[in-house]
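Both complexes shown next keep subunit A, but they swap its partner, so subunit B is in the first and subunit C is in the second.
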Partner chain A sequence: MSNVLEINDLVVSYRTARGHLTAVDGISLHLAPGETLGLVGESGCGKSSLGKAIVQLVEPSAGSIRVEGHDLSTRSRAERRALRPKIQMVFQDPMGALDPRQQAGTILETPLKLHGLRDAAARRARVATLMEQVGLRPEFIDRLPHEFSGGQRQRLGIARALALNPSVIVCDEPVSALDVSLQAQVLNLLRRVQQAQKVSYLFISHDLSVVEHIADRVAIMYLGKIVEVAPRSALWRTPAHPYTRALIEALPRTDPARHRIADKQVIGGDLPSPYNPPAGCRLHTRCPLAFARCAVEEPKLATIGDGHSVACHLHDAAVAKAA
Partner chain B sequence: MTFETLSARFAPARAVRRPRRVRTSSFSYRFWRSRTALIGTAGLLLVVLGAIFAGRIFEADPLDMVARPFIWPFTDAAHPLGTDMLGRDILTGLVHAGRVSLAVGFSAAALAVMLGVVFGAVSGYFGGWADQILTRVTEVFQTMPPLVFAVVVVAILTPSVGSIVLGIAVTSWPQIARLVRAETLRLRDAEYVQAARVMGMGHTRIILTHILPNAISPVVVAGSILVASAILTEAALSFLGLGDPNLISWGSMIGAGREVLRTAWYMTALPGLAISFTVMALNLLGNGLNDVLNPRVSLS
Partner chain C sequence: MTAHASPAVLDVADLTVRFRTPTGLLTAVDQLSFSVSAGETLAIVGESGCGKSVTAMALLRLLRSPPAEIGGRHVLFEGQDLLRLRERALRNIRGNRIAMIFQDPLSALNPVLTVGDQIIETLKRHTGLRGAAAHRRAVELLDLVRIPEPARRASDYPHRFSGGMRQRAMIAIALAASPAVLIADEPTTALDVTVQAQILKLLNSLQRELGMALILISHDLGVVAETADRVLVMYAGRKVEERSVLDLFAGPLHPYTRALMRARPRPEELREFLDEIPGIVPSLADLPPGCAFAPRCSVAYEACSATRPALLPSGDGGAVACIRAPLAAGGVVA
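Let's look at the complex of A and B:
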C-alpha cells in the first residue's frame, strides 16, 4: 500500500510583529501505513509548526500535504474537513488539551457525534471500547479532567485521537509533560494501539532517547529544515550529520570509560534567530566541522544509504572522493 | 478480649455502601457554603416572590385612592405603611412597583448580556478586522455617559417599559462585551480548542461548547450586578419623569414623594429602602457568585 501521508516542499511561515518568520522551510517527508516516524529537534526548530500544518491547524504557505493520496491544498473546505478524521493529534499538555468542564464520556463522544454516529447506544458502546483500549476503568466515564492523574489524562487524550479511526496520529511531545515512570507506560500504550490498529505516528519530540524507544525511522530537524532522515538502527550506528552526532553524544550513557564530557563533541550556543537564519548551511555557526563552503552554499538532502539521507557538505565531499 | 472479637471489630464492614463521591469543586457544593451568596439569594427571593404574588396579596389597583391621604406608617392597621398624598396605599404600591422594577432590571440585564456575549465572543474568537470594527463600536458606546444616553433613548422612543429596557441595555452591554472578549482571547488558543478543530468542529460549535461554558463565570457575576444597576437606572429615569406613566415603579414613587419631602418624608424613604434592599441583595449575590465560581477562593 502507498504512503498514508506525503509532504512535499512544505513551507509554513508566520507574519509576526517582528517580521516574517519561516518556521518550516521546504520539508518533504512520507509516512507508510503502520509506521512511526520520529521527528527530533531543539525547541523552536519548527517541529510543532510542521505537526500543526499536517493536522490543518495552520495554513501552509507553500508545498503540498497528501493524505491517503488526497492533496489538501487543492481541496475545497468541505472536502478538507472530511479528511480531518484521517489525521488526529495527541497534545503535549494533557491537562490543557481537555476541556476542564467536560466529563471523560463527553470528551470521547464529541468526535463521534461530529462525524455522523447518530445512534446514542452505538456511541456509548464505542466510548466504552475506547476507554478499555487505553486502560481507563468504565466508571471513570463521568469524571472531569482534574479528577484524573497525569498519565490517565494523556490516555484519555489518546483515546480521543483514536475515536475517529485515524490513519495518522501526530503526537506532539506526548510524554514530555509526564514523569519518567509514566512516559514508558504511555509509550507502550501507543505501541500497543499501533499493533492493534495499524495507525501511523508522526512522533514529535526533543528527546532522542524517547524516540529511540518508539520510532521506526527518525528525522532530525534544525531551524526549519530536515538535516538527516534514517532508519532507527542506522541513525544510532552511523549518524552522518554533525548535528545528529552531537545530539546522540549529548545523551547520558552508562559507560564511564568512553563517554566523558571532555571527549564529547558538543554543539554550543543557542539556536540562531529563525527570523534571520544563517546563509549557507544553517548549522555552520555552531558546527565544529564547518569549512568555507558551509557558509556559502546550502547542502541538499542526498541519499547515502538504504533510506538514509543527509544534508551535509562533508558527505558530498566523501561521496565525491569515493567516486 | 479474644482474637475473635478483635477481628470482628476490625473486619471490614461488608454491607457498607460506598459513599457517594462528593465533588467539592461542584457549583452547588460551593454555593451552599458561601454565606454571601445565600444571603443575597434569600433577599432577592423575598423581593421576587413579593413581585410575583403582588396581585394575590394586594388585589387592589395600586393607583386607586383607597383612604385618606397622608396616613403615616404604623398608625393605621388597614394601611400599615400609610398612604400618599392622593390616598393610595403605600405597601400595595411598593409590592406592585417591585414588579416593574424587577422586570425592567432583569430584562435589561438579559438583553445587555446577550448583546455583549455575541459581540464579545465574535470579536475575541475571530480577531482581525471583525475584532477591530466591533471594538471600535464598543468604544463609541462606552464614551457616552450611561444615564444621559439612556435618557436620550427613552425620550426619543417615548417612555414605556420597552424603551426603558432598550435604553438601559444599550448603555450597559459594552462592559459585558469587553469581559467576554477578554475571556475568549484567553481561551481560543487553548489546546482543547485546537483539539476540537483537529476533529473537524465548526467555529460556532466551538464557541458554544468550549469557549462560552468556560467564559461564563465572570459574565454571571457581572450580569447579577448589572441587574442591580439597571434597577437603579430605571429608578433614576422614573424619578426624572421618564418612566412608563401607566405603571408604578419605585423610581416613580420617589419622584411623586419628592414634592412633599419636608412634610411626609416616608413617601420617598420607603421606596428608597426597597431599592437599596434589592440592589444590596443583588450585589451580595454577585460577590457571592464571584467566590463560588472562582476555584481559587476558599469558602469556609
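Let's look at the complex of A and C:
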C-alpha cells in the first residue's frame, strides 16, 4: 500500500538573532499506513522542527512533503488547509497546547466545526465517542484544562488529534513530561488507538527506550541529519552508526548486576552548536572511531540491510555488498 | 553492600515536613529515616510529589518557614543535630560540609558573575583562600570536573557554557569546600542522555576519589540502578522500601516498587502493552487511610486500608512497608 506520508530532501531553516540556523538539513522519510516511525535525537537535532514542518506549523525552505500523495508545496493555501485534518499533532506540554478558557467539550468540538461537521447533535455524539476512546469520563465534558491531571490532559490532547480521523499523528515528546506510571497509561492508549483505527504515528522523542517500545522503525537524528534508520529490533541489536551505539550505551538500564555507570563507555564532548555544525560527518568531533575522511567528506545515508540505512564511512564495504 | 560498611556520616530519624496551607496542614514528608556513609551513594527515588526534593531541602532547612514546619527526632551530622542548630551555625555547614546541586544549573548560577568568580566566592566564604591562591584553586576545581581549558573557561559567564558544562561548574562550586555530603537533586534530568551519562560518571568517580557521601534524588529508576549503592523508594511522603541496589532490582518487595519497574519500557524485553499503575498519586490533602498505595495496588485487601503498614526488616539488611510484601516478591502478582 502506498505511503501516507513521504518527505523528500526536506530543509527547514530559521533566520534568528544569532544568525542562520538550518534545523532540518535534507531529510527524507516515509510512513506506511498504520505504521509508527520513531524519531530520536538529543536537543537541537531538529526533530521538533521536522514535526512542525509536517503539520504545516513552519514553512520548509526546500524539499517536499507528500500527504496521501498530495505534495503540500505545489498546492494552494486552500488545498493545503483541506489536507490539514489528515495530519494532526500531540504536544509535549498539553497545558500549553490547550486553550485554558475552553471546556473539554469545546476543545474537541472546535476542529469538527472548522472542518465542516454542521450538525450539532452529530458533533456532540462525536465528542462523546472521542472522550470514551481516550478514557475520559463523560462528566468531564465541562471541565477546563487546569481541572484535569497531567495524564488526563494528555488524553484530551490525543482525543483532539483524533477528532478529524487523521491518517498521521505527529507525537512530539507526548510522554516526556509525565511520571513513569502515567507514561505507561498514555503509551498503552496510543497503541490501542492505533490498533482500533490504523492511524500512523511519527513519534518524536529524546528517549530511545520509549521509542523502542512504541515504534516499528526508528530514525536517529544528529544536528539536522538522519544518521541511521532501521526496524526497531535491528537498531537495538545491530546498531551501525557510532552515534546510535553511543545513545544505546548511555541509556540508563535497570539491571545493576550488569550495568553500572563506572563501567560505561560514554561518548565525550557536547553537542556542537547547530548554528555552526562541523564539516564532513557532523559527529566527527565526538566520534571515537573518526578518521581523516570523516572531517572532510559528509557520509550519505546508504542501505546496509533490510530497511536498515546508515550514514557513516565505516560502512562503505557493507553498503557496496548491499547494493 | 547491605547495611552500612562504615559509620553513618549523616543520620536522619523520623524527619517530618508539613506545610501550612489555606486548606489545612499537608504532610509532605512523614517520619522518614535514613542514613548515609562516607563513600556511599544513597538514591531517593519516587514520582513527582512523593516528597523526595522536600526531603533534600529540609535536611539543610532550605524551606521557608512558615509555611514549612520541619520536625523529627534528629538529623545528626558530625556530632550536631541540624534540626536544632541555630541558623548561624547551620550556615557554616550548608554549602561547606554539606553541599547541594540542583536540576537546573542555569538558575542556580549567577548570570552576571564569571564561573571562576562564583567558585572563588564559595572558597572565600568557606575556606581561608584569598586572591591568587583562590583563583588557582578555582581553576583546579574546574579541571577536577573535566572542563577543558579550565584557566580560560574560568573567566567565562554561565551563558557561554552548555547545559552539561554548567552542571559541571555547579559541581565544582559544590566541591569547593570539600563537603562530606553532596546532595544531588535530579542533577541530570534537564540534560541529554549522552551528557547525563557523562555527569553521572563524573559524580561517581569524584565521590570515590574524595570519599564523599552522595545522596542522589531521582525519578529515574535507570539512573538509580546504575549509580546508587542503596535505594530508598518514596510514595506520598513515606518510605515504602529501602534495599541495596542489587537486592532491589533483583527482587523488589513493595508492590509500588514492582509496579514502577514494570511500567517502564525496557528495550531488552519488549511487550505489546506496558503494565499500567491505575489511577494517580493521591493528593497530600486527601491521603487514603492505611497504606497510601492501597487504592492503586493490585494485591491490596481490606487490611491494607485499615492500618498504616509498619516498616519491617526484609531480612537482607533492607526494609519494606507492606503487609503483602511476601506475595509481591513471590511473583504471583500480575
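Following the convention adopted for this analysis, the second predicted complex is superposed on the first by the 305 of 323 C-alpha atoms of A that agree within 3 Å, B and C clash if a C-alpha of one lies under 4 Å from a C-alpha of the other, contacts with A are read in each partner's own complex, and residues count from 1 in each chain.
By our rule, a contact is a pair of C-beta atoms (placed from the backbone, for glycine too) under 8 Å apart; a residue touches a chain by one contact, two chains touch by 3 or more.
As the structure is a computational prediction, the values presented were derived from the model and not from experiment.
Undergrad: After the subunit A overlay, clash or fit between subunit B and subunit C?
TA: fit
Undergrad: Is subunit A touched at more residues by subunit B or by subunit C?
TA: Comparing subunit B with subunit C, the partner touching more subunit A residues is C.
Undergrad: Which partner does A:H213 contact after superposing on A: first (subunit B), second (subunit C), both, neither?
TA: In the superposed model, A:H213 contacts subunit C only, not subunit B.
Undergrad: Is A:G268 touching anything from subunit B or subunit C once the two structures are fitted on A? First, second, both or neither.
TA: In the superposition, A:G268 contacts subunit C only.
Undergrad: State whether A:H115 touches subunit B only (first), subunit C only (second), both chains, or neither.
TA: The first partner, subunit B, only.
Undergrad: Once the shared chain is lined up, is A:Q88 touching subunit B (first), subunit C (second), both, or neither of them?
TA: Touch partner of A:Q88: subunit B, not subunit C.
Undergrad: Between the C-alpha centres of subunit B and subunit C, what angle is found at the C-alpha centre of subunit A, to the nearest 10 degrees?
TA: 80
Undergrad: When the two structures are overlaid on chain A, which partner does A:R15 contact: first (subunit B), second (subunit C), both, or neither?
TA: Neither partner.
Undergrad: Quick check for you: in the superposed arrangement, does A:R77 touch first (subunit B), second (subunit C), both or neither?
TA: Neither: A:R77 stays clear of subunit B and subunit C.
Undergrad: Output check: A:D99 vs subunit B and subunit C. Expected answer is one of first, second, both, neither. What do you get?
TA: First partner only, subunit B.
Undergrad: For the superposed arrangement, tell me the lowest C-alpha distance between subunit B and subunit C in Å.
TA: Subunit B and subunit C, overlaid via chain A, are at closest 10 Å apart by C-alpha.
Undergrad: Subunit A residues touched by both subunit B and subunit C?
TA: Comparing the two interfaces on subunit A, one with subunit B and one with subunit C, no residues are shared.
Undergrad: Using the touch rule from the top, collect the residues of subunit A that touch subunit B in their complex.
TA: Per the touch definition, subunit A meets subunit B at residues 52, 55-57, 81-82, 84-85, 87-89, 91-93, 96-101, 110-111, 114-115, 144, 146, 157, 160, 163-164.
Undergrad: Please output the residues of subunit B touching subunit A within their complex, sorted ascending.
TA: Residues 23, 25, 190-192, 194-201, 209-210, 213-214 of subunit B touch subunit A in their complex.
Undergrad: Which bits of subunit C are touching subunit A when the two form their complex?
TA: Touching subunit A: residues 47-48, 162-165, 192-198, 200-201, 204-205, 219-223, 225-227, 245-246, 249-250, 259-261, 263-268, 270-277, 280-281 of subunit C.
Undergrad: Show which residues of subunit A lie in contact with subunit C when the two form their complex.
TA: That would be residues 42-43, 149, 151, 179-185, 187-188, 191, 206-210, 212-214, 232, 236, 246-247, 249-257, 259-262, 264, 266-268, 270-271 of subunit A.
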